[in-house]
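Here the chain labels run A, B, C, D, E, F, G and H in written order, and each chain numbers its own residues starting at 1.
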Amino acid sequence: MGTLKLLQGNEACAEGALYAGCTFFAGYPITPSTEVAEYLARRLPLIGGVILQMEDEIASVGAIIGASLAGKKAMTATSGPGFSLKQENIGFGMICEVPIVVIDVMRGGPSTGVPTGPSQSDIMQCKWGTHGDHPVICLTPAYVQEIFSETVRAFNLAERYRTPVFVAYDEIVGHMRERIEIPDKGVLPVENRRRPTCSPSEYMPFDDTQGDVPPIADFFSGYRQHITGLNHAADGFPVNASPRIHTDELRLLRKVEGNRKDIIRYETVMLEDAEIVVFGYGVSGRSGKSAVELARAEGIKAGLFRPLTIWPFPAEEVAELASRVKAIIVPELSLGQIVLEVERCAKGRCEVEGIFRVDGDPITPDQILEKIKEVG
Amino acid sequence: MGTLKLLQGNEACAEGALYAGCTFFAGYPITPSTEVAEYLARRLPLIGGVILQMEDEIASVGAIIGASLAGKKAMTATSGPGFSLKQENIGFGMICEVPIVVIDVMRGGPSTGVPTGPSQSDIMQCKWGTHGDHPVICLTPAYVQEIFSETVRAFNLAERYRTPVFVAYDEIVGHMRERIEIPDKGVLPVENRRRPTCSPSEYMPFDDTQGDVPPIADFFSGYRQHITGLNHAADGFPVNASPRIHTDELRLLRKVEGNRKDIIRYETVMLEDAEIVVFGYGVSGRSGKSAVELARAEGIKAGLFRPLTIWPFPAEEVAELASRVKAIIVPELSLGQIVLEVERCAKGRCEVEGIFRVDGDPITPDQILEKIKEVG
Amino acid sequence: MAKEQAVEKIEATENEKVKISLIPRFCKGCEICVKLCPTKVLGMDMFTVKVVDVDKCIVCMACELRCPDFAIFVEKKKIEGTKDKAEGE
Amino acid sequence: MAKEQAVEKIEATENEKVKISLIPRFCKGCEICVKLCPTKVLGMDMFTVKVVDVDKCIVCMACELRCPDFAIFVEKKKIEGTKDKAEGE
Amino acid sequence: MAFNYDPYIRSGKLPHIWCPGCTFGIVFKSLLRAVDSMQIPKDDIALVSGIGCASRLPGYVDWNTLHTAHGRAIPFATGLKMARPDKKVLVVSGDGDATAIGGNHFIHACRRNIDITVIVLNNFIYGMTGGQHSPTTPVGHMATTMPFGNVDPTFNIPALAKGAGATWVGRGTAYHVPALDKLIVGAVEHKGLSVLEIINGCPTTHGRRNKFRTPTDMLLWMKETALPVSAFEKFPAEKTVGKFPIGVLYKGEAKEYSETYFAMVEHLQKKQEGRGD
Amino acid sequence: MAFNYDPYIRSGKLPHIWCPGCTFGIVFKSLLRAVDSMQIPKDDIALVSGIGCASRLPGYVDWNTLHTAHGRAIPFATGLKMARPDKKVLVVSGDGDATAIGGNHFIHACRRNIDITVIVLNNFIYGMTGGQHSPTTPVGHMATTMPFGNVDPTFNIPALAKGAGATWVGRGTAYHVPALDKLIVGAVEHKGLSVLEIINGCPTTHGRRNKFRTPTDMLLWMKETALPVSAFEKFPAEKTVGKFPIGVLYKGEAKEYSETYFAMVEHLQKKQEGRGD
Amino acid sequence: MGDRYEIRFSGSGGQGLILAGVIFAEAATIYDEINAVQSQSYGPEARGGASKSEVILSENVIDFPKAQGIDLQLSLTQESCTKYYKDIKPGGILLVDEDFVRDIPEGDFKVIKLPIIRTASERIGKAFVANIVATGAITAITGKVRIESVEKAVLSRVPKGTEEMNKKALMAGYNMAKTKTAA
Amino acid sequence: MGDRYEIRFSGSGGQGLILAGVIFAEAATIYDEINAVQSQSYGPEARGGASKSEVILSENVIDFPKAQGIDLQLSLTQESCTKYYKDIKPGGILLVDEDFVRDIPEGDFKVIKLPIIRTASERIGKAFVANIVATGAITAITGKVRIESVEKAVLSRVPKGTEEMNKKALMAGYNMAKTKTAA
């Protein structure tokens, strides 16, 4: 049995990182994510790890990519404005396929907005925030325990697919405290990136002939390589206007889209006979769960779909639901973001209704219940 | 009759800005947008305007917002990586409702990608690039003449709706030269922001009681005001966790969504009896036009929908089309971005097929024709 | 004096040479003025400042200059017929 | 000498004291070497460098050091039986 | 007799949000007195800030005020100044705002020597976010992100400004109030980029974690540690250990940027007219 | 006898992309000779760059190389160095890369005094994007974004580095090759942050627009304008007008960052073990 | 959701009410294995002014994590009492410091007045342990969590060297409330 | 699209082929009111190596703006000739510098060899006006645009003081091609 603790969501995130083997953190303080760094600042030096407060968010991503290339499991954490600033370098992580974990604790925006208020309005930014095409994995835990376990999973996915992974949660779950159990070592799987087994002279950092995820060699390990943010060939060197770019970018997408089954996780509640489904993540998923209980208590056939993976989007699951339910309700602490994806995947086969709120308070179970009755 | 010139798309953009009354440009060089700055560098000083090369893209947006607040029509121009960096400050422009124009000449990404290659893969970043919710206006010209006129329109919309406006086009139309006619002064309308008529003591910078677009006072004009990127009340001062935030952010959305008719422009070709529609913008719209001609020549009932406004998205138009055509084909120089919006709006009522290409070459009319035949 | 903004609640303590005005609504009780006053004119009233002994005031302005909260103002009174007049001559 | 990379095309001009190797594939014809050579050993052959008069070479290395393109290399030859041997003694 | 702040304070905005004993309020008053003494009309001056506790200052002042994004005040101010070169533009910034995330804009403003006054309220910490170390947190001090004592070396802000090309560099403290008033006047009057570092105390997130029991302790530390620059320079090295100089630390000569720019504009326009004849 | 570059050059990568007469190639060779002389194994050294012509250098060198985003080489390098403090990490950057968009990282690396060598290939222009003015373009020079002659004041890179806290600052030129080899050795050997500015010529986007008819003219300008720092300092002011010093311009003493950090780690771990007993 | 019990600790920033909430939640969920969620309001206004920390207790899993109807509200200042009391649910409890909250709002709740700060400063000698005194009192009033558990939580969360003082404060609050409510 | 005529100017970076394309397009579209689109390849590789600039002419609006089948390709260097000739459409024309393109590729196109660079350096005295010589030659060969229009375009685009030299170069190319093709 593991250790029981009362922790903030942000602290659980830090614990998750440590459990997953993270030994390198670089960041820049920003509410409501700062506790992740503060917690790690107390812990990382004790295990020989590195905690760096950089001059800004741009530098933070740069530093963790550098560290990851040198073989470390590395992470950063931020919130809205900082997340915007990190986008360019995150794109570098995407195209160079560097395993890193980026935590985004969502607060109200745009701009400085409501720095201390909760929000879920960076969720489209997670997918589209950086220029160019690229795959995105983004996890959306809702409970403190889940923040822990999904952070572990984020590291595993980053290592498995050799790509940046986001964990995005709202200020409320980031700041609230719940009991969590930190499992003993070995209880949760912890994965490491595939490193090359070939000889250094044969090594090609983006060799796609052995599957979509090429092995990755650590800097200074004898596998001298060249890494560039330009589109590149298998050997890592730049290519210009060439079919290679197209096929290689498709491979990057495929790493993620082709492994949806492995990556997508969600919780469902009473979906079997549901006529009305609440599709909610993060704190809105929690409200949704309560609302579904209230509705069932009133005899309404309501159900919950709570994605733990928001990107890649559980498109097939939503399509399947849409084909058999009356309505999908999407509560969001934004003016309507993920509801657009739900609409897209529903293809008009059922009603899709959003509940949006950006005044600094969460959507309540009652608000959702009301909407359930409205569409019911 | 105006002046005829052979100009690059980027030069036409600069001419459009000048025509619209732009007297302030701040930027940071980046291929393939740099000619916009270079052209203005030769022209602005001659008319007493300001051209500033800032230390980076972040500073560029900051400077034009400052200039706009002081009453100037101001613009910046960039490409992918720079566009990512500008996002945070663009969000400031959104929440503070500052009229500015941001040109994004799209190149291959992510990261440095193919700096000199064309792309249309920032189009979702235009909408979702900055954190938080906010309205977006984005114009997508495809011809050099159109880059001129849409840049003029961008300034007009920025002034009319008191908001940042994007003009996004690909490297191909940015760099190629065509003949354009620069109309004489007065031929195209040039608008100016509504300034307050009340007394300074009564002035509230975000007073929404007289419509969704509050008048905007210039700094140093006697209307001393406070502008902040925090969510704010009508008087401009911060509010925290309050219903005001929700209603005010809805107003911002409404400024744009509520004026779709005014903002959305597109070209159509033979849509009346079309069974297959090509939905393409920028260079892909040009290819689409050629493809439709080829198809019609073969007796296929093809048509073209070429949006000049991509955000707000012409959702109603697409929905209407979807209800009466067999298929919509979306050619894009990306791995599939705007096709998702088309899918969403089509609601499953017709087939939606993308043609994606990111190898540095445009999608050819033949490629599209082939797809037309495939789905036909 | 920023007093206008809180005019409803000024507490003035004075003698013939000096007037010390306090604005309790603005005072955050940081005690800077209390500790920096060289002659111990000021003291604390639970959470806000109070004047303990106005007569000790030497009008050095240490309190007013370093109060971060616009909560204390010291004025030297013009004593009629003395210095000011002299200057007029 | 980066010559290995272009080994197929080295043009060497030599006399008994010095050997000047040129790699035409690498030479971009910038003329830096030509202009900096103090004794006018080098010249241009349309777009690339050529040796005009190897005998004038004083092995100052100005050309090799400042060629940006790994396209010119100068080697002083060991003259058998002379200096080197002398040193051996 | 006492200074009347009311005309400068936005009505109803006091009390300000700063914590009890936060010295920013002291500096705030000094700024108002200094600018008042220069008789700059309220409509002709703008105050721009980034994000942080220090950056909340503009909200209280009845000038043209702009509260931008973290670290970005200077570019916004540059836009204002170049749009209206006839107006006064001031920036107020925290140590983190100005020298951490905003460091690049800071050095480039210095390089350009544009006529903006940059006032850095250095409280040695990130106050607003709760006490993380900043580029000025002294080595050994506790901060939430340096829980074992800070190991990050610090910037010397005046040295940085000078190295980047600023033509007026000064330092004052929240304790030395009358001197501060004068320094602010000097900085604002200077034609070109002026940087004024003002030493402040954040009792909430820095002081109490670092053996300054009360806000007053922080002020007294300033009193004891600051030396007028003239004295600082005269004293032998061993007497200045642990001390810092205050006053005008550097003044240089260089053309002001907006003047240079608009001189070019004028020159070109004249040439053009000439050509037109 | 001649130096053998082959072991250091990635095979098949020559000719490099630089223009005819671009002096970067000269510096490139100097770098290889210098590092070779220090006998650093190829697996133990990393070379990191941003974006720009200068930043294309790493692609040719058979070390661990990383070509990052514009202006961001230093943060990536910092991550590498802190992950593997036992390895050598070098950064090569352009004037724009290092001091325009990358200026903040540059000054913070100087502040931290982390053991990285930052080599700035200053060609006074944005070469890669076609000749826009950079923070080092001399006043009056033509650039595409300063078509009437540059009015932007310039950075003095060594002064900036020193003001920010760098502990080794030097300057060399592409002309003074043997001296350059030695400067590079000095910079790389220095324990702490070293900044080496190397004066270069970009004939394509700077030289030909500014009266340097040929690449050689640019080299000869360096020859005439650079003075060894010892001479520069001794000469009377009027003799150094328009000249610049080369050599080691500044050396300071300060703890190196990764050492300090890992000393803290070691200290804490010992304490913890002690407590465990 | 039926057995939710919602406690709000309110007062002014700096009175340690967040810590009080954390301690209470830890006692409940770590030592008594009741489900608990603790949260607080953040914001620059939390600097001075009214501040609050909330704990929700339940035998069931707690999904919606924010207070919906307060069962017990502690208010150590007048400002916080006035600002927040409206969330107290019908039949709930308003626990106030009897010296600092003079103006008791009216409503369908029971009011308990205790000299919390006075007890802290006079009996323990440090006004700043008022939060722990209050925690003791709340433990007694709610009866939801064992006092031993709260004590453990206190000891695990307070700075070294202050354990005894805090234990005393806790018991002072506990006993004071026991006496008062028994009366 | 039937009347599209596609011309490619190729050679090495620095030979002024982009300017040649621009001049040709300007002549067509500003002075002759034919529709024209000019484009070029960008890229770091455009520094040295092969470089190209393309002009499409048409009586109709030109939608697809990139070359699809080259009607006439100019190549001033061997490298550019070899790299790009494959896009020449059946029956098209390959115009090469007879000194610098020695290795003529085979294909279904007509080859015209002219001493373009030699003419520039020997007859005009400046190798760098080869682009204008070539433009003159292309004007003659294609017959799509009036030589007077091309001359106007040349004069509007070349640096002041070089007008006469460029005019001479243009006519040299024009006449050389006329003679050659007449032959």
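Note that in this section a contact is a pair of C-beta atoms (placed from the backbone, for glycine too) under 8 Å apart; a residue touches a chain by one contact, two chains touch by 3 or more.
None of the values given here were measured: they were computed from a predicted structure.
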{"item": "Count of contact steps on the shortest path from chain C to chain H", "value": "3"}
{"item": "Contact-graph distance - origin chain C, target chain D", "value": "3"}
{"item": "For chain A paired with chain H, centre-to-centre distance based on mean C-alpha positions, whole Å", "value": "54"}
{"item": "Centroid spacing, where centroids are CA-atom means, of chain C and chain E in whole angstrom", "value": "29"}
{"item": "Distance between chain centroids, defined by C-alpha means - chain D, chain H (Å)", "value": "39"}
{"item": "Centroid distance [mean C-alpha coordinates] between chain H and chain G, Å", "value": "85"}
{"item": "Residues of chain E whose C-beta touches two or more other chains", "value": "13, 15, 18-20, 51, 69, 100-101, 103-104, 108, 128, 135, 148, 152, 261, 264, 268"}
{"item": "Sequence positions of chain H contacting 2 or more other chains", "value": "41, 43-45, 48"}
{"item": "Chain B: positions in contact with at least two other chains", "value": "31, 45, 55-56, 58, 81, 88, 92, 111-112, 115-117, 228-230, 240-241, 361"}
{"item": "List of chain E residues in touch with chain A within their complex", "value": "51, 69-71, 100-101, 103, 126, 128-130, 132-133, 135, 144-148, 152"}
{"item": "Residue ranges of chain D in contact with chain F within the complex", "value": "1-6, 25-26, 28-32, 35-36, 64-70, 73-76"}
{"item": "Residues of chain H defined as touching chain B within the complex", "value": "1, 22, 25-26, 29-30, 35-44, 46, 62-66, 68"}
{"item": "Of all residues in chain B, those that touch chain E in their complex", "value": "24, 26, 45-46, 48, 50, 52, 54-56, 58-72, 74, 88-89, 92, 219-222, 224-230, 237-238"}
{"item": "Of chain F, residues touching chain A in the complex", "value": "10, 13, 42-44, 46, 48, 51, 58-59, 62-69, 72, 74-84, 87, 104-105, 108, 261, 264-265, 268-269, 272"}
